[in-house]
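Next come two complexes built around subunit A: one with subunit B, the other with subunit C.
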Partner chain A sequence: MSPEIHLGAVGPTLLVGVGAMLVLVAEVMLSGRESFLGRRVTGAWLGSMLAVISSFFLILALIVAWQTFVVGSAQVFNPSHPMVRLDRLASFSIALIALGSLLSCWLSVGYLAELRINHGEYYALLLLATSGMMLLVSATDLIMIFLGIEIMSIPIYVLAGFDRRKLRSNESALKYFLVGSFASALLLYGMALLYGATGHTDLAGIATGFDVSNPLAAMGLGLVLVGFTFKISSVPFHQWTPDVYEGAPTSVTAYMSVTVKVAAFAALLRLLVEAFGDAPPALGTILTVLAALTLVVGNFVAVVQDNVKRMLAYSSIAHAGYLLIGFVAATPEAYSAVLFYLLAYVFMNLGAFGVIVALAHRGQDTDRIDDFAGLASSRPGLAALMTLFMVALAGIPGTGGFVAKFLVFKAAVNEGVIGLTILGVLTSVVSVYYYLRLPVAMYMREPGGEVPRREIASGEGIVLAVCAVVVLVLGLFPNNAPIFLFSWIRALDWTRDSVAMLF
Partner chain B sequence: MSVTLFYVFAAIAVAGALSMVLNVRNTVAGALSLVGTMVALGAIYVLLDAYLIGVLQILIYAGAIVVLFLFVVMLLNLREERYPPARGLIGKFVGVAAGAGVLAWFVTVLPGALPEAAAVGEDFGGYRHVGLALFRDYVLAFEVTSLLLLAAMVGAVILAKRRI
Partner chain C sequence: MGVSNLLSWVTFLPGLAAVALLALHAVARGSGGGGLPDAAWRAAGLGATLLAFLGSLLLWAGFDAGAPGFQFVEYAPWLPSFGVHYFVGIDGISLLLVLLTTFLMPLVLLTSGRDIKRSVPSWVFFMLLLETGMLGAFVSLNLFQFYVFWEVMLIPMYFIIGVWGGQRRVYAAIKFFLYTMLGSLLMLVAILALYYLNSQQFGSFTFDLVAVPGAAARGLLDTQVPVSGAPWWQTQAWLFAAFFLAFGIKVPMVPFHTWLPDAHVEAPTAGSVILAGVLLKMGTYGFVRFSLPLFPEATVQFAPLVFGLALIGILYGALVAMVQKDVKKLVAYSSVAHLGFVMLGMFALNAEGLEGSILQMVNHGLSTGALFLLVGMLYERRHTRQIADFGGIAKPMPVFAAIFGIVTMSSIGLPMLNGFVGEFLILVGAFEAAPIVAVFATLGVILAAVYMLWMYRRVMFGPLDNPENRGLIDLDALEKGVLVAVLIPIFWIGVYPSTFLRVLHPSVKELAARFERAEPAEEPAQATAWLPPLEVGAEGPGGPRP
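Let's look at the complex of A and B:
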């Protein structure tokens, strides 16, 4: 007897995976002395071509995910043995991941050429990592969750070291690989213990068999949580983040800072709701401690950073803390706030890293805060955009970052999580200091020496424009914008619908 | 009888793992002690009625993978003086203490928490059973593993090839 298989449940994953393979083949056919076109093609042209192919498959995946979201019915790959379910949470996250990957892809073309590392494998690895994330967010079985995390992580380890001639990039890749493998081992150990305690690997089965008084199950849950906190870079498992973010090529940092976060948080959301829905009180305490530590360490250590990429790394740790507040509250309202936060975060952070990408010059990043001095006079457009993204990350009203923080805090207060919310508000005040250091440097200091200048690549321009518009639209009209062009954006409804199916 | 055998093989597995971790000076000896762990694990699988998995464990892990490790170790030609001097004594101490604490907790708590052994069917552990599980129930996991291998392969080439 053959099982009933619905390939649609892994549609986006398959599309992106096939895209990765086509990119690999296309690179071989187009590059080299005897290319498929009969003449030698330039590296820049090849890079753009591969980016176009990757974009095509990412857009297809985006359309498929969006259609699934609109239709709203869940698809299960194999109903008699469910391992993957494409429901609204999955399709929302997949759409977000596809968007983040698409924008990172466009961001990379000019930057890779500038750094002279435009090898086609970059796009293949990016697509493979994306397909892993898509699998991860739709996984309903511990085995698929683990496979998703690995397919997501391994290409990113390599991408972090993609600038092979730079020592920092090598260090970044090696560090990320070692720490990531360690985290995967802990995660796998936890999954084995959970399987031993409950006799199931699927989340629904674990929910029925889970008993927190059983130390085997409690240990399993703890180790799985540790594995996930590595991936979302929450304190105390955050030490890798600044080094990896700083050393990796900036386009890779932009990619992994947003998409990995979306994938890991969406998977954690599903895991906590579906497998540990009637959560033991200890879980809430652990999450509270994690969130508090993450908020304090992330925000305070970011203050003393001199490198913008490093500062944004600590800022991303801090944002993991705000997201964890939503997990402490653990209501449908809080989870939808978490999804809205992720939506806003993707565009804010991609925009901020996009400006650093656009400033790269002569094969070097200009990523020290001192490099930004006086930028407002030499590059007024980039300075204005960077200011917008910093303001959004700080959570100042009028931007998507504010609405996101507000929703999370509101959901937390409604659930009686007062102390953590106060800590969140206080640490956001601290964050304003370090985020505004950049605008202060750009607008109030004189440029120190020669100002590097490179024309903005068209991909970078599009990404920055899209990010800026979305950050503003999410901030001003999170639902039903009165402007004709944006009236279809109903982000609040989407996030609410996404989590509605879980409860 | 099988309980005694289990303890024997478990002891071999733990001893092999310890010897691998502690053998930092001689990496070849470390890799070889990994063979001991893998073979002992294979024997434990057989004791658990998972015959095919036990055989595959020995074939793949003890055979192919450790041999690959040995190749890599020998190609890299590691020598002791290449290691940077050890530092961060406090961190090391905290790490060891935390590890020992978790281990002690496991040892005290786990024996009372182990679930009852599940009864296994007639053909459990044979080709048919493993094949059905692999290619029917877990077919998606089996297939997407190829994506993982592709990613690892492309990545290894990118990072290691001299000219790309």
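Let's look at the complex of A and C:
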């Protein structure tokens, strides 16, 4: 008897995976030719062609995921042996990941050409990593979670080193690879221990068999947590983040900084709710300590950075801390706040990196804070956008970043997590200092040296505009905007519905 | 009134104008030009602020001074599932501050034509945005909405100081931002706690300050904030402290005042005027509107502390102002002293003190605003603000000296000018509450006269021995016009304050009633005829007090 299989449960994952293969084939077919359909094949044309193919599959995956989300019923790949489930949490995260990947894809075209690294594998690797993330967020089994993490990570190791002539990029790839493999090993070890202690690899089974007094189980949970803290770059396993973010090509940094975060946090959410739902109190304490350390280290170390990419790396560590506050509160309200936070984070962070991408010039990144001096007079549009994204990341009202922080703090206060909330609030003040350094440089200092001048590629322009609009809409009208064009956006309802099924 | 949604129009008109101008600017740039010309920006900005002023005059005209509660109320859902609504309305207190804001804005935009030459479009844009932020904070009756406006206001002010300011502008701008942010984020946590307390008590979620007719939710003002247990563990004390930090930094109260001299001195003239005139009032307004009515028991409990800090502010501000060599810095420190008076009157928690304190907010906005304008005019001519560089200025600039003199007197509190009325009421109120403190505060009035008059003498009189001062040109028509416009309300409040006190009565009476049992009120002050009697409780159910 053949098992009952629902391919729809892995629909987006498959689509994007197939897209990756097709991109590879298309690259091979096209790159050797002089002309195709009457057009001369140049590097730039090929790059945009492959980006178009990738976008097609990402949009397809986005539509499928969104359709699933709207319908709302969960699809299980193999009901007799549930390992993958496309429920609302999964479809929401998949849609978000697809959107993030799509925007990164458009961000890459001009940038890769500028850095003369526009090889076709880039898009294939990007799609492959994306499909791994999609698998990860819909996995309900430790083995699938591990598979998802690996399919996600390995292409990103390669992408981080994509600018292979640059030493920094090589260093970034190597460091990410070594630390990442180490984390994967720990994760796998933890999973093995959990299996040994409970006799299950599926999350529901672990939930029934988990007993915290069993040292094997406790250690397994601990090691799995360690594996995840690597991926979400939370203290104390955050050290790779600044080096990798700084060394990797900026378009890759933009991509990984948002999508990996969404995937890892969504998977962690599912893991903690489904497998460790009635968690031992110690788990709450551990998460509290992690969140506190992450907030303090991320925000304080970001203050002294002189490289914008590095500063944003520490800022992303800090944001992991704010997200962890939601995990400490651990209510449906808190988890939907976490999802909203991720939603806003995708757009504000992509926007911030997008500006750095748009400033890349003559094969070089413009990424020192000093490079931004006087930018307001030479590139007023980019300076204004960068200011918006910085203000959003700092959590000033009127932007999505504020609503996100507000929701997390609100959920935390409701659960009585006051101390951590106050720490989050105080470190936010610190964060304002470093986020404002860019506006200070751009508006209040005179330009020093050469002004980077490159026409904005159309892809970059679209991405920046989309990010800016979404950041503002999420900040002003997260639900039911009274503006016709945006009235369909109901981010608060979506995030609430996404977690509602888990409880 | 004829215009519906008048309050929203007044609030959002400047902001909308800013966005519309920006869009036009972008279109003009796109079609090959260099964007809108600076003159167009200035004219449009001035037009928008004048319209807002006109609108607020209409509000004043339509305001029913006898009616308690909020007027011109508008209510619309925003994020209804969280109890976040668009909820605006004004009472007498907010009306006066709205008037002050819309009155000062066109004046500073007019004068800024002289000293702001760089990036004019951004300047006008940020000024307009700032006005909407300030007005929004004054009219908000939903705490979430208030918080949004309160914070949004920071960004334009940050740029105004940081881009167009003086030598140490970046330092001053960041310091200003961080100080305010620190207090206000803790206030956000307190607001959230209040929100959950309210929902526990009434079973519904709302950030509205007062209940809206027809809505199921009760306003946050109805919340009973627990006061049981030791003082250090009372919820109300903690929440009060969080609000106190936010508002106290903005006022600024003494230990938190260090951002003020930097910000005021480094800001361009227009920025200083708005900072002193309106932004500081944000803090005192916050106390009157939120802290006092929300946490009455904690207010009474903390009142001695606030009294102490206010007194220190009055004396310390005056003494530090006395030794300043820079005129602008002197004016900045005088603000610390004046705001100390405002806090003193407020925490006297009786009708006289409260009313004087609110009137003094307006007075300080006018007098200190005018002082900053005058200092700015002098600075434009001489490019120095050192007192030592001046002397005998009255000879080449007689009109300037005369107006400076009047404003100085108003700041000191000379009778017939606005400062006197406010300070008198505050001292009456404070004397009722704590006579000793009032006595010491009176010392502050004397000190104010010392540092202001001393500065005036050193700048205006004496030998005209600095040759660079000989060629100074007196005020031109525009400058005279702007200053005379400020002098009108200065005299008006001084001579006939009841025009303005009248609108305050119902709100102040209601507020003071919350503290009555703590303060066995005496017969209202032996008011002179031109001060309308303050009938606290006289119309209450208990009949007139003995």
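Following the convention adopted for this analysis, the second predicted complex is superposed on the first by the 495 of 503 C-alpha atoms of A that agree within 3 Å, B and C clash if a C-alpha of one lies under 4 Å from a C-alpha of the other, contacts with A are read in each partner's own complex, and residues count from 1 in each chain.
Everything below uses one rule, namely that a residue touches a chain if its C-beta (ideal position, glycine included) is under 8 Å from a C-beta of that chain, and two chains touch if they have at least 3 such contacts.
All of these numbers come straight from a predicted model, not from anything done at the bench.
Residue contacts after overlaying the shared chain place A:84 against subunit B, while subunit C stays out of touching range.
With both structures placed on the common chain, the touch criterion links A:307 to neither subunit B nor subunit C. Judged by the touch definition given at the top, the superposed model places A:151 against subunit B, while subunit C stays out of reach. Of the two partner chains, subunit C is the only one touched by A:444; subunit B is not. In the superposed three-chain model, the partner touching more residues of subunit A is B, compared with the other of subunit B and subunit C. Touch criterion met: A:414 reaches subunit C, while subunit B stays clear of it. In the superposition on chain A, A:398 contacts subunit C only, with no contact to subunit B. Residue overlap on subunit A between its contacts with subunit B in one complex and with subunit C in the other: absent. Those residues of subunit A lying in contact with subunit B across their complex are 2-3, 5, 10, 13, 17, 20-21, 24, 77-78, 81, 83-84, 119, 121, 124-125, 128-129, 131-132, 135, 141, 143-144, 147, 150-151, 154-155, 157-158, 161-162, 164, 173, 196-197, 199, 214-216, 219.
By the touch criterion stated above, subunit B contacts subunit A in their complex at residues 106, 109-110, 112-115, 118, 136-141, 144-145, 147-148, 150-152, 154-155, 157-159, 164. Those residues of subunit A that touch subunit C in the shared complex are 376-377, 391, 396-398, 402, 406, 409-410, 413-414, 418, 421-422, 425-426, 428-429, 432-433, 436, 439-440, 443-445, 477-479, 492.
On subunit C, the positions that touch subunit A within their shared complex are 78-79, 81-82, 119, 147-149, 151-152, 154-155, 158-159, 162-163, 169-170, 173-174, 177-178, 181-182, 185-186, 188-189, 192-193, 195-196.
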